[in-house]
Amino acid sequence: MTDISTNDTAIYAVRLGDDALIHGHRLSEWCSNGPFLEEDLALTNVALDYIGRARNYLSYGAELLGQGATEDSLAYQRDCREFTNLLIYELPRGDFAFALARQYLLDEFETLFLNAMIDSNDDTLSAIAQKSIKETRYHLRRSKEWMLRLGQGTEESHQRLQSALGDLAGYTKELFEMDALELALLEKGVAVDRRALESQWHSAVTAMCEQATVSLPNQGWEVKGGRTGYHTEHLGHLLSELQFVQRAYPGCEW
Amino acid sequence: ATLEADFQTRIDNEEKIEPKDWMPEAYRKNLIRQISQHAHSEVIGMQPEGNWITRAPSLHRKAVLLAKVQDEAGHGLYLYSAAETLGITREELIHNLHTGAAKYASIFNYPSLTWADMGAIGWLVDGAAIVNQVSLQRTSYGPYARGMVRICKEESFHQRQGYHILMTLMEGSDEQKAMAQDAVNRFWWPSLMMFGPHDSDSEHSGQSMTWKIKRQSNDELRQKFVDQSIEQAEAIGLTLPDPDLRWNEERGHYDFGEIDWEEFYQVISGSGPCNRDRLAHHRRAHEEGAWVREAIEAYEAKKKASV
Amino acid sequence: ATLEADFQTRIDNEEKIEPKDWMPEAYRKNLIRQISQHAHSEVIGMQPEGNWITRAPSLHRKAVLLAKVQDEAGHGLYLYSAAETLGITREELIHNLHTGAAKYASIFNYPSLTWADMGAIGWLVDGAAIVNQVSLQRTSYGPYARGMVRICKEESFHQRQGYHILMTLMEGSDEQKAMAQDAVNRFWWPSLMMFGPHDSDSEHSGQSMTWKIKRQSNDELRQKFVDQSIEQAEAIGLTLPDPDLRWNEERGHYDFGEIDWEEFYQVISGSGPCNRDRLAHHRRAHEEGAWVREAIEAYEAKKKASV
Amino acid sequence: MTDISTNDTAIYAVRLGDDALIHGHRLSEWCSNGPFLEEDLALTNVALDYIGRARNYLSYGAELLGQGATEDSLAYQRDCREFTNLLIYELPRGDFAFALARQYLLDEFETLFLNAMIDSNDDTLSAIAQKSIKETRYHLRRSKEWMLRLGQGTEESHQRLQSALGDLAGYTKELFEMDALELALLEKGVAVDRRALESQWHSAVTAMCEQATVSLPNQGWEVKGGRTGYHTEHLGHLLSELQFVQRAYPGCEW
């Protein structure tokens, strides 16, 4: 591989790492805030999987970047404009319906994405995908069950789920976007073609929503920008918390 | 009461009492009190550590802390289940927590103020808990004893992790060292209080010992904890905040200073730094989750009806 | 319609229209639309800057920013009052905001992402607003015109503060300079869009000019803003993100590149980065405050009843 | 004055500055979150007064401390354990009833405190008190009006106010505590005797509460620790936000 493509791969790994880190962080905010203890356990479990994934991606990205980068320097020393996670991951944790609806939509996406990434000719990415897909299959089973429970539960749970889907819809489009960097990496057999996942994702989601007697509205709005560091205002607040200790006591081992 | 006599004989013979066995009402009540207090402690104990999950200073530490708090939720679950075998529901247990009828370990009414507190809590608070729990592995009620075996294994893992956090800080910058020492200063005495009042002042102890719900006295366990902690502190350069600590050749134990029992009773009675926050947090989460629990019930009912 | 003719004569003579004066229904509606949009803009505009109050990097900056957002709330109040003189209530105005029937300036659908945005918003967004508002000081409706006089004075103060933030950053570290330039890159084009579509595409412009609700066209105002901004940018070393910017000797103005009207219409129609957040925030605060407003009403009613 | 007492006065000024800063910060969180626009304006106004007061106290403290300390180094570079504000100031903003109940209790306190501090033989503290008392008199008029409105308003507002008072009661005791440092400064005519304010404060609050048909419960709990940096868990989160920019970009002018 040429230098340029190594760097592209590094950026790609960091992108995926940012997605996982911010998602894991939001999930971890549920700890001791779940509706009952079993769910505290379960949400923490999913959070852990994502933090683990983030570490895999970011340490790979750091390795490719060189120059002393580490998973922690990437997580703790970049400001909002340098983070490249997609926006859907950074939205505040919301209520339980929002958390589970987001999780469900992402689980369907991740299933397709990781499945495709297993075939990446980048061995590390392929290995991460193989490990992660197992977790995600389990997450998906769980989040599907919740879609049913909330969708078919009470009037209130149905409404909350529906409204969560409405709030999320416009943030899902970004999941299927390819920019020049990802297209170049796709060409090289490294990256996943996100565009190719959309229709399958959409069918799965539509079928599930039907079963849950809700729908993912298509109101024609969409918000994008995460890959260029153009975030919502929520990310900055998340980072001020995430990075506090490292920022307040720079240059230490923990 | 030949039943009572038989029961005590089984206890004396170190047989485990199982849920379906006959037991004195007072034994049952005493157990519910103790197990539920233990369960609530695990659950409320998620808060001071949960408070640092979003601010953990490395991804490695964040994952370890998350896993630890997850374990605590798991312990809470085992223990609620053990309590439920005694004929009380989860809902009742939580209700008693919210009304104040059931207690949780007073140590969790102290705040976690810096990252070093994750070390001090792991090392000292989990350390003290283990000393207590090791002895409870042989408690007379089967489900509780088996729960303890499982819990002890994980707790000693947690204690090592906490110790490792402090060790890392003590090898770090001056600010880090000060942070570690400060955390230990704050958590040392409350940890000693975790073993409860002196044996002479302990309300429930006598009967609990006879029934082998408790296997060792508060003061015995506390002494064990003090003895083991001193070496560990020295090994990484920490000073325990007690000028009276010294080896007593005669007793074969360390002497230590008098505990501030006024503080102990104040914290128990509601004037701890975080009593109100802890309960308010649990109550809020529980209330916010009400609609979710209702949704599950409604969904399960619908599923049954459609079968 | 001799009334209509008299009305237009007064307008043509630069007389101010006052609340009790007769006015065409369409004039009233047009004014309500414009004033309420302006009022809502001040109120929604509190959010992107409010977002940095708790993170302002010095106590001086924190105080200045707080005072600025407070001024915006004040402007919102004047303008709601001006709208109310036209026979619409605050409640109706807010209702229309929440349903989307009333708009607010699309610029506030862009997020404030770094501290430098406080500079860029002050300099560019308030700057653009002033250019617009200066011309509205001579608008035909009295209460609106008088409101504008008051508002303009404060806004130019805000603009200078914003410029000063950027200046300080441009004198600072490389990171600070980059932060300032990045903020300007993000806010430049949206600021140009604040003046609305080209005159040829502007829905409400013709009639508004005849009635002297508007006094200058969108394109005239935009040109004025571009001309004034270029010098200010150069003075502190900022580059405006438009390769087509150049002095046109013949026109006596700067030429500039074509605005991305697709983005403009997308943001207006709901796909701006923050449209949903802005309304959700306002709605939440309004709903959370419902019991307070009810309490005031109940209290006032009781006070009256007891007199 | 001896060196030691200069240092004591510095610490005293910083304590008062920390109180004002943290209180102003909490109030500023209300900006764009008030129940109606007039109240957004009013709360922001009170917040501004407190930030102004914080600057006066902290810059005086910094001047006495010397060694390059500034109002900003004190505000932005100390961690939780070094902040010395009393706990009542750092409690989260809560609902509007909580915000106004806290404000009322503090306005009554500040009226008495500032009135006494006018007589301090430290000229700077006396001058700050003279300036601040005017603001506080205005704040008090306003917060008293709100006590009536909420207490006598609807059943809900009454209940919310009562419950806020219940949540605050145990945090008020710390307002009237003197430690060795303040006692020494009292001896020298610098500090205010907080103990002497308690009964007057209590009478005023009791009278007001009676009028508002609520009460400040005395349930016998009390929480203290602010002056020794022994805080609630809320302060750390506040600081991670307050200090983010300065921590992330150290050593800059803003």
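Each chain carries a letter (A, B, C and D) given by its place in the written order, and its residues are counted from 1.
Definition applied: a residue touches a chain if its C-beta (ideal position, glycine included) is under 8 Å from a C-beta of that chain, and two chains touch if they have at least 3 such contacts.
From a predicted model like this one, the values you see are computed outputs, not experimental measurements.
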item: Distance between chain centroids, defined by C-alpha means - subunit A, subunit C (Å); value: 36
item: Where subunit A and subunit D are represented by their mean Cα positions, the distance between them in whole Å; value: 42
item: Shared interface positions of subunit D, touching two or more other chains; value: 79, 236, 240-241, 244
item: Subunit C residues counted as touching two or more neighbouring chains; value: 55
item: Contact graph of the chains (line, ring, star, complete, other); value: other
item: Pairwise chain contacts under the document criterion; value: A-B, A-C, A-D, B-D, C-D
item: Residue ranges of subunit D touching subunit C (in the complex, touch as defined); value: 21, 25, 28-29, 31-41, 44-45, 47-48, 51-52, 54-55, 58, 71-72, 75-76, 95-96, 148-150, 152-154, 156-157, 160, 241-242, 244-246, 249, 251-254
item: Of subunit C, residues touching subunit A in the complex; value: 48, 51, 55, 111-114, 182, 186, 269-277
item: Residues of subunit B touching subunit A in the complex; value: 43, 46-47, 50, 53-63, 66-67, 69-70, 73-74, 76-77, 80, 115, 165, 168-169, 171-173, 175-176, 281-282, 285-286, 288-296, 298-299, 302
item: Subunit A to subunit D touching residues, read off their complex; value: 79, 236-237, 239-241, 243-244, 247-248, 250
item: Residues of subunit D touching subunit B in the complex; value: 79-81, 167, 170, 219-223, 225, 230-233, 236, 240
